[in-house]
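Structures are listed in the sections that come next.
Paired with chain B in one complex and with chain C in the other, chain A is shared by the two complexes that follow.
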Partner chain A sequence: MHRSGDNVSSLSATPQNRRRWPIAALVVGVGVVLGGCAKNAPQDTFRPAGSNSQRIDNLARPVFYIAGIVGVIVLSVITYCVIKFKDRGQDIPEQTHGNPKLEIALTILPAIILAAIAVPTVVTVFALDKKSDSQCVINVTGQQWWWEYDYTAGNCGGVEITAPIVTAGELVIPAHTNVLLRITSRDVIHSFWIPRLNGKRDAVPGRLSTLRMEASQPGIYTGQCTEFCGLSHARMRQAAVALDTNDFKTWVDNQLQAYKAPDPGSLAATGEATFLAQCSKCHQINGILKPDGTPSLAEPDLYEVSGAAPNLTNLMTRTAFAGWTFDLISDKCRNELWNAKPADFGALYLQGVWMDTPAGATTPVCFNEANLRSWLRNAPAMKPMFSDPTQLASTGGRYRGMPNLNLSEAQIDQLVAFLLERK
Partner chain B sequence: MAIIERPSAVPATVGPAGGVSAFVTPSKALGSYRRPVSTTGWKSWVFTVDHKKLGIMYGAVSLFFFLVGGCEALLIRLQLAAPDNTVLSAGLYNEMFTMHATTMIFLFVMPMAAAFANYFLPLQVGARDVAFPRINAFGFWLFLFGGIFLNTSWILGGAADGGWFMYSPNSSALFSPSHGVDFWVLGLQLTGIASLVGAINLIVTVLNMRAPGMKMMRLPVFSWMVLVVQFLLLFALPVITVALFLLSFQRNFGATFFDVNQGADPLLWQHLFWIFGHPEVYIIILPSFGIISEVLPTFARKPLFGYKFVVFSGVAIGFVGWGVWAHHMFASGLGPVTVAVFSVATMLIAIPTGVKIVNWTLTLWGGKLWYTTSMMFAIGVIVLFTIGGLSGVTHAVAPSDTQQTDTYYIVAHFHYVIVGGAVMGLFAGFYYWWPKVFNRLLNERLGRWNFWLMFFGVNLTFGPMHILGLQGQPRRMVVWPSKLTGQGFFNLAFWNKVSTVGSFVLALGVLVFVINIVYVWKKAVPAPLDPWDARTLEWMTASPPKEHNFDAVPTVHSLDEFFHRKYEEVDGEHGPKLVKVKTAEEIMAEQVANADTHIHLPSPSYWPIILAFAFPIIAYGVIFNRVLCVIGAAVLLLAIFGWALEPSVADDSDYDPPADGGESTKELASIV
Partner chain C sequence: MFTTGSKLFLGATGLSIAGAVVFAATTGGAEGWLGAVGLTTLAVVFAFLAGINLYTRDANVPALEPGVEHTAAAAQPAPHGSLWPLVAALGAGGIVVGLVSRPVVFKVSVIVLLAALVEWLVQAWSERASASASYNASIRRRLLNPLEFPILGALVLGVVVYGFSRIMLTAPKSAGRIIFIVIGAVVLFAGFLLASKRGLAKTTVAGVATLGAVALLGVGVVSAVQGQRTIDQHPELTSAVCLGTASAAQTAEIDHRASQAVAMKSSVAANIVLTKDNRLVAFVNGYPNVEFHELTVPRSAEVNVLFRNDSPTARRLTARLGTFKASDGTPGNEQASCTTKLRQGGQAFLSFRVVKPALASSSPYAFIIPGLDGQEIKLLVP
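Moving on to the complex of A and B:
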């Protein structure tokens, strides 16, 4: 390569230093950025907690390192040029038009690097699409603005599920098990993402996509809908909860237990009547009977654009509600649960809102009553939804999300008492 | 004194060629249809067909929309400064990020590139104007009306709220009941037509109107990149036009193209959108690549390293850019074969992109670097685009992308590319060409503040977004809960705050630029003729260039023609040495001495702006009242007929008598 600056005499340090400080600041800045990551961010993509996310991590990390090294080299060369070839009164350089050999070499080099990245990429793409080793299949359906999980009857990671289970928000799976999610949507496109367990998969209406899930140890792994899905996209969250086989069996059995009606004459019993009058058009509670003794069946398809509303049969076994946005447990108990050791996690989780509650006590210590009451008082005020009756011209009168039911405080008391027993 | 034949002396010929023909002079052609002739005042701008005036207007309007889009960005960053913040409501936030992207892409970067292309492409190829001057004017007015139309949605029931990608079915009337999406669809149709006619115009200009000796491989790189971009526009815009029509018909006329209940596949929209949308990325970035490929050699005082490689890699990017669109859809569930193919294709496009970075860096190597503000912006582009390009490689790896897509990591990536690459490149162009366009040098001291504030602003705003995204913060979310920010001092709440502070530093940098414009405007000190010792043809004429660009159309003998007219190689003590043999003023004087005696220029016209005005009327009609469609169509028809029947040149008697009392009524400007 031709260099014309060879005969330039050495220079005083001062102007060079003046030029160098911004570059030094940049280097320090980049260092701070790289070193300054949050600790224990719940959705950190660099903390894989399962075989699929680990596979992605194994592929992505070297790519980051290669990109980093290439970046440092390129930026160093630029910095060198900027300092070395500054105009110090040297001659106008020879008007060279390039160096074909060098250019071909510098074209082939990145091609080789990229080829080296491409091979493991393709291998990983196919590995992550594998379906034949699945030990459990769960249907996942997105709608504005929550996720529904539908466990078909059958064997799931060694646990026999005798009847279908329908839940919302919190996906409970057996740990150390290859779970296959079958994902679709009832309205617009959503995307299911539990960063610590796998990458994203869009939920596209009219299409069925699959996503592998495996958690290497019990714990709670949070996620978020990542395809923009309208007004409350930011409040469409989810979590995967991984339990040991025994704990998972306990959870399954609990979900399938028969409906226990509240004690006659109790506040909860009044709540049951209020539920049937106010909530059961959309929300299903399995086994609940109407006053005439027939089963109450929700018909959300008549009232909701998506045709679905969360099943509330075992609401109190979940730790959050309304698109997994608002906690059903207090901040303190949530921290306790999220930071629990894998060995202790299952037992804590299965206690749910009754965590830390002394034996014999009638009210759960961990229950976040304020959130639930606030929701019942005016749901759209907590989470923006298209559920104002004046907004429904484009939907033929159907809601998108839960409307404000204008419940009285007395009705709210009754409903809270009733729902607290859905455990 | 030469004659500038603005109104042609040759009468229009009707009748069979070679046979008995009737001569019709312009003044008799449909009596009342006359062409406007003002060379001063507002009429000289509104009815102009001069590529330079249109370029300036493109620039001024784009700069205005840049400030609008910037304010939208600041509101977004204010909302995200703290967890669970309440600066914007969910609905308004969705409108804000939709319009921020739409404004920045369609109303700032694209038309600002069009401003540079309009102004400098004819000058760089040695032409007197573009191939179709009236269509050029029509394109500008339609862009302006389209941009205004799009933004009136804010006061007419709310802006579009579906994101700039406007995925179906969320964009249907069922899920987005306001008129926002209608405004968005029709506004983009309008600006799309503007870009499309502009593309054809510039392609023909480059292919047909180059000065003698200006072979394609002597074309300045900026003109080359503009040419590639126009071909991308030519083929990409029809795709989005079709997609927008389908959506428009679905929303306004009950069609069911994207209605899942009627058997539609929502992925149809995604394919159509990204087949347009990915070439669009290169439409945005290549003009700036062209600009810095002019700026770097000028201030390094040596030719672009590997001109042919840079041109070829630009063309290669233009081709391969068509084969990578599905990398925006890696999470859509396309199946492993498709994902693998598009993943590898995406890595492929990194190669020609890398070639450019290598060539720019080697242009600096061994140079005599003069750090003007323009040069600093150009070097800033290499640095920031390298970072943006490398983060791009990390999500060419499809499995890695499924973790990164739709998170702030992507936001960081494309802002490094678009702000760090495209926008900083445009700023390099502002500082480089300002003296050519306005005969004023932008202030260098303010320029330095402008550069460093923007450079640090970009890194402060978008640097932390890499962390935010990789640590799990998705994009397009109005709130981010504190329980997901993680622990430690450097948690996600901290980085969100840094990013917000950075956005204001960036905004301050832009403000300094605006101050700089006003400052040099007021100060009114004329710039030197050739302030940068430049290399290409646009500097071989007056500043600002005369209406006819060149007194004598130059004959081109080499790449960097202007430089080689100024410098010659002589034998020195240590081998050959470059010596300046002529100044720019001397070369100008030669030009004047050899001025062409007949200079043909297009006449101004009323019809481009009238024709353009018909489109927003029709668009409002589609949304509010079909009667307006009929009115708009009538204006459209009238304008087309007026355009077609307009005499090809203005009548001689329409012009004022020459100021110097000469006899020729065709004399419009002195070129001595």
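Moving on to the complex of A and C:
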């Protein structure tokens, strides 16, 4: 036992090994740093795309440089002291206590640095809290595990919204417009974050927080919930889609179009009946009528803990669904859309799943049918949710998310055909 | 190789492992796994005890060592008697009493019994750990003090807080601030005195602190026995009061109790104002100086508005929240929520939640001022 212990000790202390440790540490350190690099990082906070995020960037960079310089100085002095005064068996130097000049200097210098940083910080904080220059107000409501946006009737960036619009997942905003988001939550605390447009804002039940948002050019800006909110927190994503004023007006007009029922006798018409029987308890499609001719009104308050489920009126105008987690458009079309030039982006986006589809074609080229089918087949298998009907005693029988409806393949065909017309 | 004690525990370890395997295989499901985990944990505990027995050779004195019967740890007399058997007995008795009386007695007794057993076991072990009484005492402290101090601290703090809360609930409302000031001043003064006297004996400080805690506890117990003062229950603002259909006496009683004070003024969906010239208008964050006569709020979310009455007449703000059929199809009553009646300049907070869209209601959603016709703010719930 003794010998083996000695061997271990002598092995770890050889000069050769001592030389290897710094190299290994350097390799690990460089690896960690390089691990943060990415060619295509849509949630990169260092690429601001709006006036608010630019303000944060303008503050964060100099503060980071100052902190970095201070850090390097402090670490260098510590490293120097550790090496220079390492215990080599020398006599203990003369012990002294206190150095008033040094202590005063080391108190005043950080105070000056902090005071200097405080000025632009406070200015930025107040600037980011400004509400008086808003040109559009949108309500944002979080729940497990998706975001709802409702647009109040009124003017939004020069576009008149004549009736409230409710949508989910994708926040469509006019570019070059000061948008004020009024954020709250229906169940637990969430946090709304589109890194390239502004910082985070918590969505707290019973409270209403505001967040400015402005995109300097058309495009798609992604984000995700940043407050742990339960089982599928990681799958609670969102995006802000910025459109030019004309494109935004087109989008608004489309959202406010009256419901168009499927052609009688079509597969979509059967899908409408299936939707009314299976989905309309929770999901609202504005204007859809029950067989008795009365409006179908969803009652998610009876079935969902949050009291809400995504409004599916114009589902096919969105590029993703289920908490903006699963694509409604194919990978190829998504790449095309995300990499589109700002001038071309709006026209592409407004086509939704019908992007690149030749005129007269009945099947959209970009539709990611497999994702929607999988979701309809068994939603909890794609996204973990609290939706097992046998385990709902603690929630009074109400779900958190969509349960498995055990739809037949024929019903799925019908629903896909019906939902494809919600554009 | 194996000592008698270790054999016992090794056998128990083997049985536990076998039990875990059999239980998991025969029971199955979540229960099976839960049982298997429990039995495996038991096996680990038994293995640990077996290891201790092996390491200490069952604490047996080697028979061949000369004079060991006088110097061995086991040969030393116990330093003092132990109270833990008595406490454990109290805990065991409490468990029996708790089983036939109140669950809280049972739970507390279980905790007392477990604590006494742990203390008893560690004390018994530590007193035989070596031939040195002071060393034995030190290892007992090292093992148990990190547990004892936080638990005792929390207990003492709990007793102090509980005693103080009983005092505050018993004392008249107007005396509350005086009690706070006096106790705060006494604590501050005593702290100052203790801090300014250098070299004060620890026993003096401990005595003063104990005296204070005992006094607080004593007064707290007396207060608890005496019972709480009468605390006014604020009557509920019913839909009938909000819509003006309740009796005048009931409405007057509720409004009489209005505090006219608002704690939360930020984070509201809208500021609603009844102006001096009796116009009802809403102001929304983001639209400075724009008067709204229509508000959109999300369904199923808590909505807060702040109402201010600038008109010379006392008024309340009522939110008409719809009329819905019951599940059996019978017509329901109109739902409403409202503030108390506010005098000129008074402000009140109104919090409500609308779970169904406006289309589902047979009456409109709106903010109104009862008794003031023609003034309303439409409430849109998409």
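Note that in this section the second predicted complex is superposed on the first by the 376 of 423 C-alpha atoms of A that agree within 3 Å, B and C clash if a C-alpha of one lies under 4 Å from a C-alpha of the other, contacts with A are read in each partner's own complex, and residues count from 1 in each chain.
One rule holds in what follows: a residue touches a chain if its C-beta (ideal position, glycine included) is under 8 Å from a C-beta of that chain, and two chains touch if they have at least 3 such contacts.
Model, not experiment: these values are computed from the prediction.
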Q) So if we stack both complexes on chain A, do chain B and chain C clash, or do they fit? A) clash
Q. Is the number of chain A residues in contact higher for chain B or for chain C?
A. B
Q) A:Ala153 contacts which: chain B (first), chain C (second), both, neither? A) second
Q: For A:Pro380, select first, second, both or neither according to whether it touches chain B, chain C, the two together, or no partner.
A: neither
Q.
According to the stated criteria, A:Pro42 is in contact with first (chain B), second (chain C), both, or neither; which is it?
A. first
(Q) A:Ala60 in the overlay: touching chain B, chain C, both, or neither? Say first, second, both or neither. (A) first
Q.
With both complexes overlaid on chain A, does A:Leu297 touch chain B (first), chain C (second), both or neither?
A. second
Q: Check whether A:Pro205 is in contact with chain B, with chain C, with both or with neither, and answer first, second, both or neither.
A: both
Q. Taking the superposition as given, does A:Leu106 touch the first partner, chain B, the second, chain C, both, or neither?
A. first
Q: Kindly point out the stretch of chain B, out of 22-30, 40-48 or 346-354, that overlaps with chain C after superposition on chain A.
A: 40-48
Q) Do chain B and chain C land on any of the same chain A residues, and which? A) 205-207, 209-210
Q | Touch list for chain C against partner chain A, complex | A | 267-269, 284-288, 294-302, 304, 351, 355-357, 359-360, 380, 382
Q.
Which stretch or stretches of chain A touch chain C in the complex?
A. 131-132, 134, 137, 139, 141, 148, 150, 152-153, 164-166, 180, 182, 184-186, 205-210, 284, 295, 297, 299-301, 306-308
Q: Could you pull out which chain A residues touch chain B in their complex?
A: 1-5, 7, 22, 26, 29-30, 33, 36-46, 53, 55-56, 59-60, 63-64, 67-68, 70-71, 74-75, 77-78, 81-82, 85-87, 90-100, 102-103, 106-107, 110-111, 114, 117-118, 121-122, 124-126, 128-129, 144, 183, 187-189, 191, 193, 195, 198-202, 204-207, 209-210, 222, 224-235, 305, 325, 331, 334, 384, 386, 391, 393-395, 400
Q. Which of the residues in chain B come into contact with chain A in the complex?
A. 89-91, 94, 161-163, 167, 169-170, 173-177, 260, 263-267, 300-309, 331-333, 335-336, 339-340, 343-344, 347-348, 350-351, 354-355, 357-359, 361-362, 364-371, 379, 382-383, 386-387, 390-391, 393-394, 397-407, 452, 459, 463-464, 466-467, 470-474, 476-481, 483-492, 494-495, 559-560, 563, 567, 574, 576-578
